[in-house]
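One structure, as structure tokens, below. Some questions next.
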Amino acid sequence: MIGIINIIIVLFIIIGAFLSLVAAFGVLKFPDVYTRNHAASKSATLGVMSILLGTFLYFYVEKGHFDSSVLLGIVFIFITSPVAGHLISRAAYNSGVKLWDKSVQDDLKLAAKSKKKN
Amino acid sequence: MIETVVLIAIFAISVAILALLYRVIKGPSIPDRVVALDAIGINLIAIVALTSILLKTDAFLVIILLLGILSFIGTVAFSKYLEKGVIFDHDRDN
Amino acid sequence: MINFLILPILIPFLTGILLIFFAKNVSLSRWIAGISSFITIIVSALLVQKVRVDGIQTLDVSNWQAPFGITLVSDMLSALLVLTTSIILFTCVIYSFKTISKEQERFYYYSAMNFLAVGVIGAFTTGDIFNLFVFFEVLLMSSYVLLVHGGSKIQLRESLKYILVNVISSALFVITVAYLYSVVGTLNMAHISVRLSEIGESGIVTVIAVLFLIVFGLKGAIFPLYFWMPGSYYAPPAPILALFGALLTKVGVYSIMRTYTLFFLNDKDFTHQLLGILAIITVIVGVIGAIAYSNIKKIVIYNIIVAVGVILFGVAVMTPESLTGSVSYLIHDMIIKAALFLLIGIIIAITGTSDLRKISGLIKRYPGLGWTFFIAALALAGIPPLSGFIGKLLIVQEGFKEEHYWGAGIVLMSSLLVLFSIMKIFINGFWGTPQAYKDEEAVPVRKLLVAPVILVIISVLYGAGSEFVLPYISQAAETLSNPSIYIEAVLKE
Amino acid sequence: MKTNDIILQTTTKVVVFIIILFSIFIFFKGHYTPGGGFVGGLLTSGAIVLLLLAFDMKTVAEILPINYIYMTATGLLFAVGTAAGALFFNVPFLTHAFGDVYLPILGKTSLHTATIFDLGVFLVVVGVTMTIIQTIGGDE
Amino acid sequence: MEIVMAFVIGILFMSATYLMLSKSLLRIIVGTGLLSHGAHLLILTMGGLKRGTVPLLDEKASAYTDPIPQALILTAIVISFGVTAFFLVLAYRSYQELGTDNMERLRGTEGND
Amino acid sequence: MSLLHLAIISPFLLAILVPILYKSFRQIHTGWFVLPLPILLFSYFLSFLSIQEPITKSVPWIPFLGIDFIAKIDGLSLLFALLITGIGSLVVLYSVYYLSKDKEKLNTFYVYLLLFMGAMLGVVLSDNLIVLYMFWEFTSFSSFLLIGYWYHKEKSRYGAQKSMIITVFGGLSMLGGIILLYIMTGSFNISEIMEIVPSISDHTLFIPALLCFLVGAFTKSAQFPFHIWLPDAMEAPTPVSAYLHSATMVKAGIYLVARMSPVFAAEGLWLWLVGGVGIITLFWGSFNAVKQTDLKAILAYSTISQLGMIMSLLGIGAAALHFEGIEKSVYAAAITAAVFHLINHATFKGSLFMVVGIVDHETGTRDIRKLGGLMNFMPITFTLAIIGTFSMAGLPPFNGFLSKEMFFAGMLRVLELDIFSFETWGLLFPVIAWLASVFTFLYSMILVFKTFTGKFQPEKLEKKPHEAPIGMLISPIILASLVIIFGLFPNILSNSMIAPAINAIMPGNAADVHISFWHGFTPELFMTIGVIATGILLYISLPKWRRVYDLFPKKLTLNRLYDGSLEFAQSISKKLTSGYMNGSIRTYLVYIFSFFIVILASTIAVKDAFKMDTSNISSIGFYEILLALAIVVASISILFAKSRLTSIILLGSVGYTVSLFFVLFRAPDLALTQLVIETISVALFLLCFYHLPKNSKNEERIRFKLTNLLISIGVGAIVTVIALSAHSNKMFDSIAQYYVENTYEKAAGKNMVNVILVDFRGFDTLFEITVLSIAALGIFTMIKLKMKGGRKNENK
């Protein structure tokens, strides 16, 4: 039983670490802020949540300690991360950061235009 | 076994943080930096969690939530600053 | 009451907090500040008497036996300094009524003053090296607030420099405490003393002693660490300047006194020699500065440096008599510097300038001011029977006795140049052709004079009544020259 | 520029609640696990800052009509009051007392004067950080 | 580890000193920030590193890390936070009033004659 | 408190009353209220004349330090006390007429004068050296105030400052001597010191003490080269000059030398210095007096010279200590001459000053080039002047003649001295003495004849001259009659006053003092005749040789030296100070850090404090190295950061790394706090620096950077080295174990750090939050308090 859970924990951690790396790679390599934000807010968040789950399980199993603050942390990140990503993107857009020159579509621009017309 | 994995994970995340740091310093735009900083904050959480496992103590687990909170507030503040040039509005209706 | 010795800290502390609530009501603030500082004087005087009768008072805060908690220790030195501090606080507070604008008073001016006093008194009282750091920060923080209070350009500019220097010195303080902790593993000063004396002579301890000298020297403005001081002290208005000049550097001096008599006794040939040399150079550079300027503020400010050198020379000589001299001179200097700064404040208020070349003939219209200043100047120069004499006499005497001829000679002759520098103000500012000044009429000179006159009277009594004062002072010096008294009182072994 | 902050404001309401809960948790557990009045206070002010970010100073002032300077002073009074309380029992300044009290519902509860002291710290920290942030943020 | 930390602290102090000697006010304040970081790490190092477990009594450990340096650092952190905040605001106000953040232009030698 | 003490204090007490009297009785000249006191005191002191043994009364002042107010009256003190009160009475009387009650600030004048009187009495009547020193300084300061009495005059202020600096310098030097004596003898009391003296004369401090005392005496008595203050002191009102600067205060130095003779005179150096300096002063003073054109200046230089004469007599007289029997009394005769001349000088110089005052008062000038022919207008004054000057010149039958004869006799004795290599150089003494007397004769003649005879030049005078009011004449008349009386009947003084005084100076020398008018045709008499002959010759040919004075280089005078050195001191200190006090905080930090590096590095080197002990260190983890690298990289890259945002972010990352270190080093509370604080700090940085300019390209030169680099590396290295040594020197266990044991038991907590914070060291926390609160108040004030219309800035 413990062996299995240990394996789960290890899995969680490995997945988390991998996702984090991926996210970092994305932030490093993607061409503009919007795509980078995409990588950061999705992949990294998932990675961390996975690691946290691993940690939670570890302490629950190994130490018999039900740590509510880790759970709360997971919930918290779950709530806030998307909002943060959204805010950054919007801020970037509103402060005039250009899209990647190979971007194909800018919906917000259209929306803003139509709003102006009204 | 867990320890080895945790060490490897820490290493991976450290590499990730270094990469993000590069982005922070390089930019080019400020939102880029903010994105990277936000990601660093999130990764720090992971590091703390992993370190707790490594040290076999639950004393640091509160830090996880704390970091989450700080990272969120920081990101909100940054984006607001970028968008509006001020961090606090005096009166939003005016 | 076992908590008696905390009252001089507690009263200004509570007053400072209460004044935050009542800050908008200026006249109520004044009453509270004035009355509470007066009560502090009474309480400190009682404390001095208690120490005289019952010996060193200690208080293990939070009821943890020393060295595990923080212990407050009122030996005679600290009790006397606390009394002096409270007197100076009182005079500066009542002086402020007429000099500080209501606008400023509303912005927590008296709170900051009280907190400053808390810091100073706490630093004098605490028996814990880290707690000393905390009290240093309290007084520094208040001094930042007071220095910049009012926000004129020069204040802002000088505050930047002042804070920078003090941040550095605080950081050094912290690391020094850390080094010391590494070596002895304790923070209680008496306990440190015990452990250090067990170590005996040790290179690292000497290094730490030098570090402490640098840390406190930065605060006490000794050579070559005093450079920040003249500029920063030049900026604030008179009552704040008086508080700074009388109290802040003296806390540094007190700390050197304390550490060099309690901790670092195993390598006196090195540490105290160094202290002595620096003290003498401090006297010299102070004198050079004092005669260089024809700006009344600067002249008095440089005289602070001279006094610091004189006091520390007495500490470096390290005989019971020289310590008596140092303590006596320390208290004298606190009182007389406060008086001089307040007097100078009046001059500046009348004339609107601190440039001596633009001032003349004041004595014709303001004889009271002139003669108070004259007496204060004589006291500063150490003319008997005024307050500075006994201290200087003892310091010089012991200097000669211990064969530090050069040092003692320089200390002796520094009096002449001090007198020259301060009399320059009297001769050129008070004498000379009387002239009219703008805004002169609006200055309530008589009311302003109350505070400095109180101080000058104290100075005169302190000197002439040396016979009554000296037993107290020599009790203080006895504790300094014989650390085991202090240690026994604290550790109750 | 006027912007639509619905997403942020809605999230904030939830998140602030979580933060404050967490800070209270951290505050009370301080004697046993990491935390205490200091971090608790900082977190609470973090929550208020979040409110300020999501809404505006006027709105927040309406929700929380607090003079933060008075709050600081009150905190100091709490702390020094706890400490000075010892004076009335003629025990050394700042001596704490604690004991177990049986309360009707909660059962055996440990009461500790240190908590009041820590509450002072908490208030001071909130007061100070908010004073600083408000003054700077509000300066034109 | 203590040796490594001693060098790390040395480098922190070095950078801090270098920054504090420069002309720009911002760099100076950043320098003071580094300085306090260095000082705090030093306290911790001087107390001895990793001499036991976290100083929480629950751990049922044979040895605990020395809690005193930690308590001292906590106090020091808070104080240096207060000072830094004050310093920052002062810098801000000074820039408003004096119009420069170059310390060399803020000499001012009033009364030096 | 005895009557004697009361006598000393009474002038001070009256001084307190003077302003009140002045205010209440404006129409009565304040001098009248003052006058009774010196007269009363004079008669009080007269009552001591018959007393043989010294009287000592002691009042404890600071017995703790052996400082008691011991009043002792013996022959010497009595002589001085009588001089002080006697001349004092006359001067007060004179001043009543001299100073107009409408124009002058009489209250301050009499306060000063009374202060002086009390101080001077204190000097001569104190047996305790510290008390003596106190009164000594009092005399300096009252003299300072009196010289600066007309403070609106530039010259008055200059003279006041000069006299103060020189006499206080002397006073301090004397204090040094007192302290040295105390170290040797353990007592401040002159009587006790005298008893111990024989045993200390070999002490290494003996000579320094002697020198210190002599500097004190020489400055006060205006001896060469310290005499320069006295001519400038003539800016004081004339009664003051008569009183302080000729009759009494300047004689304090003489008093001191006489008083300390029993202590120091056994030393050969004393003879040489006192005698030599005295004789040089005598010559230099008289020589310079001749070229003066201001009457008071002539008198000033004359005073200098006469004081030198008394001093040299005291020096030669000290030889008596080295002999026994008849020879002893031969040398002691020099002392007799000194004491006798002391009295004589007071009488004739006092009267001359008053005469000059009258001339000044009635004509409005003291310049002899403008004066002349006043004889017809003021006959009484003229007569008085004749008496005074002839006595000064040493002409019979006035008292000056007698003392001059005795002076010559004393100087001739030097030829016979065979100790302390006087046999080689002793000849100089009589030669110089004779020369000086010639000049003395000369200036005396100039003084009287240029003023009162010759051509009357009314056009140069401000007022029409006429005889002075009788009141103003009373005092000089009394003094002039004393000049004659003492000249004709010198022996009324000899046993009543001179002998006891000599007894005090030379204890155990009970030789009968007898001064006779006619000695027979002695060498002295021929010397006097020579003086008169040469003097007359020189007077007649004065215009022809006057140019001699121009030969003296103007730039090398002592006055120039004084002014120059004062100016030099001020300008050099100005230059020095503004050299290093340049207002640049960087410069200051460079000094401070350099000192830090140098002093600590040398301490470490000297004390061999560096020690590295690897036995006591903890393991190094891989991730710790990683963090260490991160912190190092981040902190170093701040140095190269171009934009302010980068540096702030890098600072933040250092802070976060630090908190990770806290995690690794088992400090959860710290990590928590550090994280939050760091975040807030970064936010504050951003908030505050929003308004600041972008990091402006400050041209920092290579040298600038290099200095910074060197210093910072030094600081870093020192911190590291000490850290390593301190860690390797852990000598004790930390007190932490106590907390481990008691945290739960006695403080009911489990988080040790938190329990320390709120309980064990709660006191720290209490004030730590106070610091925070003050910071908040300060920040609030800084931002919100913007003074309306700017602050009334006192620094502009």
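Chains here go by letter, A, B, C, D, E and F, matching the order in which they are written, and residues are numbered from 1 within each.
Assume a contact is a pair of C-beta atoms (placed from the backbone, for glycine too) under 8 Å apart; a residue touches a chain by one contact, two chains touch by 3 or more.
Going by UniProt, the chains are A = Monovalent cation/H(+) antiporter subunit G; B = Na(+)/H(+) antiporter subunit F1; C = Na+/H+ antiporter subunit D; D = Na(+)/H(+) antiporter subunit B; E = Na(+)/H(+) antiporter subunit C; F = Na+/H+ antiporter subunit A.
Only a predicted model underlies this, so the values are computations on that prediction, with no experimental measurement involved.
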| item | value |
| --- | --- |
| Shortest walk length in steps over touching chains, chain A through to chain C | 2 |
| Identity of the chain that, by mean CA position, is farthest from chain C | A |
| Chain pair, C-D or C-E, that carries the greater number of C-beta contacts | C-E |
| Identity of the chain that, by mean CA position, is farthest from chain D | F |
| Chain B and chain E: spacing of chain centres that average the CA atoms, whole Å | 23 |
| Cα-centroid distance, chain A relative to chain D, in whole angstrom | 31 |
| Between chain B and chain C, centroid-to-centroid distance (C-alpha), Å | 48 |
| Per-residue multi-chain contacts in chain F, two or more chains | 574, 577-578, 581, 583, 585, 589, 666, 668-669, 671-673, 676-677, 680, 684, 687-688, 719, 723, 726-727, 730, 734-736, 739, 750-751, 753, 757, 759-765, 768-775, 777-780, 782-784, 795 |
| For chain D, residues that touch 2 or more chains besides their own | 1, 3, 8, 15, 22, 32-35, 38-39, 43, 46, 69, 72-73, 76, 80, 93-94, 96, 128, 132-133, 135-137 |
| In chain A, residues with contacts to at least two other chains | 69, 72, 76, 80, 83, 87, 90, 94 |
| Touching pairs among all chains present in the structure | A-B, A-D, B-D, B-E, B-F, C-D, C-E, C-F, D-E, D-F, E-F |
| Residue ranges of chain F in contact with chain B within the complex | 622-623, 626, 630, 637, 645-646, 649-650, 653, 656, 660, 663-664, 666, 668, 671-672, 675-676, 679, 682-683, 686-687, 690 |
| Chain E residues within the chain F interface of the complex | 1-27, 29-30, 33-34, 37-38, 40-42, 44-58, 64-68, 70-71, 73-75, 77-79, 81-86, 88-93, 95-96, 101-104, 106-113 |
| Residues of chain A that touch chain B when the two form their complex | 6, 9-10, 13-14, 16-18, 20-21, 23-25, 27-28, 33, 36-37, 40-41, 44-45, 47-48, 51-52, 54-55, 58-59, 62-63, 65, 67, 69-70, 72-73, 76-77, 80-81, 83-85, 87-92, 94-95, 97 |
| Chain C contact footprint on chain F (complex, rising order) | 60-65, 130, 133-134, 137, 141, 148, 151-152, 156-157, 160-161, 164-165, 168-169, 172, 175-176, 179-180, 182-183, 205, 569-570, 573-574, 576-578, 580-581, 583, 585, 587-589, 591-592, 595-596, 599-600, 603-604, 606-611, 719, 722-723, 725-727, 729-736, 738-739, 742, 759-764, 767-768, 770-771, 773-775, 777-778, 780-782, 784-788, 790-795 |
| Residues of chain F that touch chain E when the two form their complex | 574, 577-578, 581-586, 589-590, 593, 612, 614, 616-621, 624-625, 628, 631-632, 635-636, 638-639, 644, 647-648, 651, 654-655, 658, 661-662, 665-670, 673-674, 677, 680-681, 684-685, 687-689, 691-693, 695-696, 698, 700, 707-709, 711-713, 715-717, 719-720, 723-724, 726-727, 730, 734-736, 739-740, 743-744, 750-753, 756-757, 760-761, 764-765, 768-769, 771-772, 774-775, 778-779, 782-783, 795 |
